[in-house]
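The same subunit A turns up in both complexes below, where it pairs with subunit B and then with subunit C.
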Partner chain A sequence: MSIVTVQLGQCGNQIGYEVFNAICSDFHSTHGLCSKKENESYQEACKERFFSEEKTGVPVARAVLVDMEPKVISQTLSMAARSGHWKYDHQSHFCQKQGSGNNWANGYSVHGPRYREVIMNLVQKEAEKCDRLSGFFTVMSMAGGTGSGMGAFVTQCLRDAFPTSFILNQVIWPYGTGEVIVQNYNSVLTLSHLYQSSDALLVHENDAIHKICAQLMNIKKISFRDVNQVIAHQLGSVFQPTYSSEGASQYSKSPLGDLMESLVPHPEFKMLGLRNIPQMSENSLAYSTFTWPGLIKHLRQMLIANAKMEEGIDWQVRPPLPGHPVPPKASPNKALHFNTSIANLVVLRGKDVQSVDLGGFRDPALYTSWLNPQEAFNIWKTPRAFNKYEKSASLVSNSQFLLKLMDNIVGKAWNMFASKAYVHQYTKFGIEEEDFLDCFTTLEQVISSYASL
Partner chain B sequence: FGSTRGMWPGRAGALPAAIGALCRALPPGSRPAPETFRLAKFNRPEAVRAGEAGTDPPDGYCTQIRFVKSVLRYHGYGRPEFYQLPSDGSQGSRELLLAFSWLLNRINLLEQLLTANRVKIGDEASVCTVSRFFCLSSPSHQLDVDVRYLQWLNGRLRFKWRSLHVDRQEQCKLLHKIHSYTSGCHMDQTIGHFSVTETDLIRQPDSYKQLLQLLESETSRLEAFLEWKQLEPVYWHWMVKSRERTLPDEREFCAAVRTITEAVKLKLSDLKYHCAHKKNGMHGSYRLVFKDKRSEPITNVNATEVISKLQMEEATLKRELKRLQEECRHKLDEIAEGLVGVICIPPIKR
Partner chain C sequence: MTQSVVLQVGQCGNQIGCRFWDLALREHAAVNKKGIYDEALSSFFRNVDTRNGGDGADIHKGKIFSLKARALLIDMEEGVVNEILQGPLRDVFDSKQLITDVSGSGNNWAVGHKLYGCQYREHIVEKLRRTAEHCDCLQCFFVIHSMGGGTGSGLGTFVLNVLEDEFPEVYRFVTSVYPSGEDDVITSPYNSVLAMKELNEHADCVLPIENESLFSIVSKIHQMTNSGKLGSTVKQNSLLTSSAGSIKTEQEKPFDAMNNIVANLLLNLTSSARFEGSLNMDLNEISMNLVPFPRLHYLVSSLTPLYTLADVNVPSRRLDQMFSDAFSKDHQLIQADPKHSLYLACALLVRGNVQVSDLRRNIERLKPSLHFVSWNQEGWKTGLCSVPPVGHSHSLLALANNTCVKPTFTELKDRFMKLYKKKAHLHHYLHIDGMEQSCFSEAISSLSDLIEEYNQLDATKGAPRTDPSRLKIAM
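Up next is the complex of A and B:
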């Protein structure tokens, strides 16, 4: 039931740190709202999943840190050690003395192969520490240069070395108005390569998280740390221990396996989106109360209307009525009103989880015609509250959430490619035009599959 | 058993003894009362429920009956009256008795149950390097199912298989820990370390009572089995007698038996020929023992040997898969050529 996290690049390492931090602080939370026995089970499961024992008694994160430069990694290592509650294994990292230019092809074709053995040895060591290896969780940005290129290569290496393990890629979707001019190329290359090697891609969009910080958390000057902490909270709300089936007597020993089985058995559909409710600043939290029906109603509408957070939801969007065919979505460029799902997973934590009515998520109108809700909808729950939220609900969804975004990015990248802009930056490191074409076709196939739901 | 009493003047007690032994040889919990057999012969409904107890299926009575039918079909039982029995268990104990007896003889049911339920002190590993070729017949009717749903189900199956793999790896890891921690402790030098059961006995000495109970139960079942083997002919004679009433013309029957025997002989020789080169496959359950590289080889099976045999099998199967994939690709290319304005896009090369 242990998950080995591979933190890739600056983005991956910063987010990875926040994730372990959030998990650790939830571990120590005194607001569990459950029995002592339950809390102890939860803590034991959490510890086994994310940390290994060391002689000093301080839990050591099951993680491998990879980056081309030393700065972020050393910051990450020292911040963790200073917390006193957990730390990284200081042997379990890889970096180079100097940076290597911000180039995806360089990362994938040059640095990846060059340092493959060293990096995979570190991963192997972490894997061997686990009695039961549930799988790998990689964290990286999609549009970065060397970091993303290397990340794509490392994921491939993971798949080759561990053919039957579960691999989940956490990818950060760049800001729409990003600064890097070739970010769309990088995104296309990263996405298409990850699609071949991993079992599922869990996406967080910088733009969406930024809005959450601004509107829900009321943060005036939003830093990367704020964005990363929201992401960490969302990830923690899914991957902390839960009971993954009705009547289960112990916390799930296969979190990644359970996730994959419920959401991504079909090899063409691997894109997952994540929504969490409620989200607010710690100050407001003390004065707020929630009801499960309210939370579930909002979450369901967030799914249907493809809203990124619980404010500004379009309540006009409705699932198609039975008997009325869904209007054909001829092109994903047309504003998609109704978000069709393949499969959904709802994670509930906190008070009175047993009494929650999730009938709304079992409505067949929410799902594509070829899968019935009995198979398409799954629930994980625990009475143990998460991170001071008395009630918390998360949704991991395999749906058309990312369809428009993907189409957008692929469209922009294609326009650039059509005029061969900046392509030489890639060909000089071995990524040929034909490789680009392969990537475009892969993603067009994915977009077409999702559009035809 | 009024009708048979006259037939067995000298062996009046032999039949109940035989049936009694049969019942006692079955695993506890799946053991019908001997009286059930007598009732079954006269098609008494209570006998059906009790008779079903010999199986070990999932929940639900209807499911139980379906399960029993599917097991018998799998083993080739061909009597239509049995399969036509209603699912509510209201009748058919006689058919059930017949089916049970058939299975008893056909697959050596008792021996199998005794083997499956034997008390294991050591850690077990089952070895199979003989590959089985399953011939699946294609469905005779068109299935009206979206292919994406089938792909979904296939994906779930693969994930479950991978989860099983994770389970097995964990089991191996923990077994290794126990074997290496207890190395040098075992009285039997050829084994050298404790098994999980033995380690548990050391840690919780009181659990020996349970183990003793299991061993005693096994011993009594084995004794019952020996008894049964002595008295077996009595049982079969009784069964045949009960069937005699409904048998067709004896000559027809003999002719049918002859035809069947010949067909079977043919199939058997076919199978033997097919499996000829596989005769030396390792097969069965072995006690798992952790050995130092330097220690003397013993007469049993070596893990390294098994691994290399499996790797050879894997290579053969991979080649076969590749060949089939190529065939598929060619077929697709042919089809694509016939379509106007269509390009076939293969998956991304790695």
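Up next is the complex of A and C:
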């Protein structure tokens, strides 16, 4: 089953390109470390999932590119074509001339309705190219105007037009110290609207990825391209083909469905975080070896202590012992704050995956009490190594990972809203103060729900 | 890609405008080696086939035939515009893009605004329509004028009104040159305050400029390049004030160096909209992010670096210096010190070989020394454009919505009141049809209100921060 990707705005298109690039380069990788038969199976699944066949033989990404100004899309299309290994369908894009001016209301209330038909036609065409459609993957930032505002509108349209397909929104959380001044407003509006129509939101934070680039990848002058490539690697490590159940003989046909089933048991809880280890520069890869126990131990602690990468993990944080009361969440000693999960998914790729012991993740202390720990934890694996990493483990988690982030962004947005700054820019395009209040209410609800886990 | 139209009004406006077009051509020539008319060029220029004489059709793709500026040149006396049309830039302008008269406005805002405004309104609208028709997607009008005279100030603000009436969806960015204290036009305070009211009400964004600041920047550059310390290692065409490499080859006129700075300001402002980058910043984003309340739309600008040394490898220390300089009061284009006043918002548009990590590092470094308003503690808007300006490997334009504009306005108000209390020269204005005493009182009241808004914001500076309490959700 195939996934159709919708790339929205500058960020969405820049990242989307890197994702397809990473997937394609993994496809061609000669370091698969598995049997030829396995590799072929993997490649076939990958191709069906992300690319469609064209007469020229060059795989065409299953994607629709949307932006309100032309520069980024034209760059993206030409970069893909130049790679020689894959390309976009040059008909599958839509752009305008003026951009959304970082204005969510402009993206949502003006551009969205105006171009709805054209964009949905493009999506329909891509969906029809698929033998079977697993669902949609949208890539967007929250801080700008197109990705965020128009992205929210398009997600709604997707939900209306494809009520039985899965929709996963890949959302980029902006740097804390502004890229865009009204980013907090745009983010609050986006999150609250996506919550209504999306099945799950998979979040990547610019700050966290930036740190990974600086500390783990050792990049001196970090560019957005570097950041996007790390994000692409992380996404590829989750969405490339895997066997999603023990004893499965075929690569999973429904990755998005499996994901939702494993991780989103309740519609109030849709925020997913992603961690991937190991992560390092290509030069260092050749000199490093990893053991599964080591990787799993780190990954588990990253989950418990809400660490964003494998360095600087706080090993003091422990899950509460059974029978002992859970310490109050508003504990002043924030360092010992333990991250409670609703559900977790671990994806393992590479050498000796069959032998990995994941008992640590089945510990009931990690989870809330609603789900049976056996149901709350799922594993996907494949012996086929990913992107030159001999062993690679990823964690997709529906937990309190994003609680502090959400609280922060809502706090800052509320602070600005109280002084009514910039509100006239939104009312100009039809988003009124009541709409803002509704969004704040929705998000306070989500924050409250996650906090009380 | 969008287009912008430049409206240069009055002597000052036209002289700055002239430098702008010259430097714009220079910039595009440096980037566009193949002579193909591309999207970047189309933002400010039309490509016209003039082989059969007269006004040929617009050519949207392919080779460059003849570039015509998307501009309107307006002046109520002919001297300046005629000089432009006889100078090396004559082919860039279309005779149909001019509106001139003979006698000038006598440094009288009322003559410019009421008399000529009325007289030329239809003319202006017709020419604007023609220019707009040549645009695929018109995004912005740039008005360039001075505040102290009669034409730029009066007719310039009249045109601003027309733009709002006829093209309400198109952004209006105004570059205004404010008079200094020792301005030799006695009535410049009147003209400026009357114009301010129009700017308050009809402009989306105003970039105030003061001649004193331009002059000190020019002196600084002059000093650095001629002092012998750096001398020969400075790249001539990198000077913010230089016309080197442009069409103009004759002797530089006295205001050219200063006007080049303003021209560079406009080029840098629009660079991200014209050229590609990893984080684009379009003109509509500038207005969106930097104007938190409709009337507070005055942006203090600074450009760095002022010149480039010929060293090819620029260590990042020098890059960091560029960021520090952008916040120093010596680099601002008005007499203001943003570091010691309150920031409402700040935008940094970086051009050239600078990445997001450099940007972040510098923001982190400079943030502690700057005061931001309580509801916008992280009020930064950033843009990265890959194409540097001519002669530089990187450059930075900082736009600040900062209460440091207040002194400029309060001084203007004081100078106005000095004259107004004695009713000096008032009769020159009042005898113009349409002018009444109330025009003056409304104008000064508008200015006072604006100053008061800045005062209230300043009062919050340094006050203990109390965040408003959040919504409580019943579980």
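Assume the second predicted complex is superposed on the first by the 441 of 453 C-alpha atoms of A that agree within 3 Å, B and C clash if a C-alpha of one lies under 4 Å from a C-alpha of the other, contacts with A are read in each partner's own complex, and residues count from 1 in each chain.
Here, a contact is a pair of C-beta atoms (placed from the backbone, for glycine too) under 8 Å apart; a residue touches a chain by one contact, two chains touch by 3 or more.
Since the structure is predicted, the reported quantities are computational estimates derived from the model, not experimental observations.
Trainee: Following the overlay on subunit A, give me a clash-or-fit verdict for subunit B and subunit C.
Mentor: With subunit A as the common anchor, subunit B and subunit C both fit in the superposed model.
Trainee: Using the superposition on chain A described above, determine whether A:T56 touches subunit B (first), subunit C (second), both, or neither.
Mentor: Once the two structures are laid over each other on A, A:T56 reaches no partner at all.
Trainee: Contacts for A:S192 in the overlay, against subunit B (first) and subunit C (second): which applies, first, second, both or neither?
Mentor: So A:S192 only meets subunit B here.
Trainee: Counting only touches as set out at the top, which of subunit B and subunit C does A:R132 meet: first, second, both, neither?
Mentor: The answer is first: A:R132 touches subunit B but not subunit C.
Trainee: Tell me which of subunit B and subunit C touches more residues of subunit A.
Mentor: Comparing subunit B with subunit C, the partner touching more subunit A residues is C.
Trainee: Could you say whether A:S369 touches subunit B, subunit C, both of them, or neither, answering first, second, both or neither?
Mentor: Only subunit B; A:S369 stays clear of subunit C.
Trainee: Taking the superposition on A as described, I'd like to know which of subunit B and subunit C A:Q316 touches: first, second, both or neither.
Mentor: neither
Trainee: In the overlay, answer first, second, both or neither for which of subunit B and subunit C A:C439 touches.
Mentor: first
Trainee: Is A:P267 touching the first partner subunit B, the second partner subunit C, both, or neither of them?
Mentor: Touch partner of A:P267: subunit B, not subunit C.
Trainee: Once the two structures are placed together by chain A, how many degrees is the angle at subunit A between subunit B and subunit C, based on Cα centres and rounded to a multiple of 10?
Mentor: If I round to tens, I get 140 degrees.
Trainee: In whole Å, how close do subunit B and subunit C get at the C-alpha level once superposed?
Mentor: 7
Trainee: Identify the overlap between the subunit B-contacting and the subunit C-contacting residues of subunit A.
Mentor: 441, 445
Trainee: Sort out for me which residues of subunit A touch subunit C in the complex.
Mentor: Within the complex, subunit A contacts subunit C at residues 10, 14, 69-72, 75, 97-103, 145, 175-182, 210, 213-214, 219-225, 227, 410-412, 414-416, 418-422, 424-425, 440-441, 444-445, 448, 452.
Trainee: Which of the residues in subunit A come into contact with subunit B in the complex?
Mentor: 131-134, 156, 164-166, 192, 196, 254, 257, 260-261, 264-268, 369-371, 375, 438-439, 441-442, 445
Trainee: Enumerate the contact residues on subunit B facing subunit A in the complex.
Mentor: For subunit B paired with subunit A, touching residues are 146, 148-149, 151-156, 158-160, 162-163, 165-166, 169-170, 173-174, 345, 347-350.
Trainee: Which of the residues in subunit C end up touching subunit A in this complex?
Mentor: 1-2, 39, 136-137, 139, 276, 278-280, 282, 284-285, 287-294, 316, 344-345, 347, 355-358, 360, 363-364, 367, 374-382, 384, 467-468, 470-473, 475
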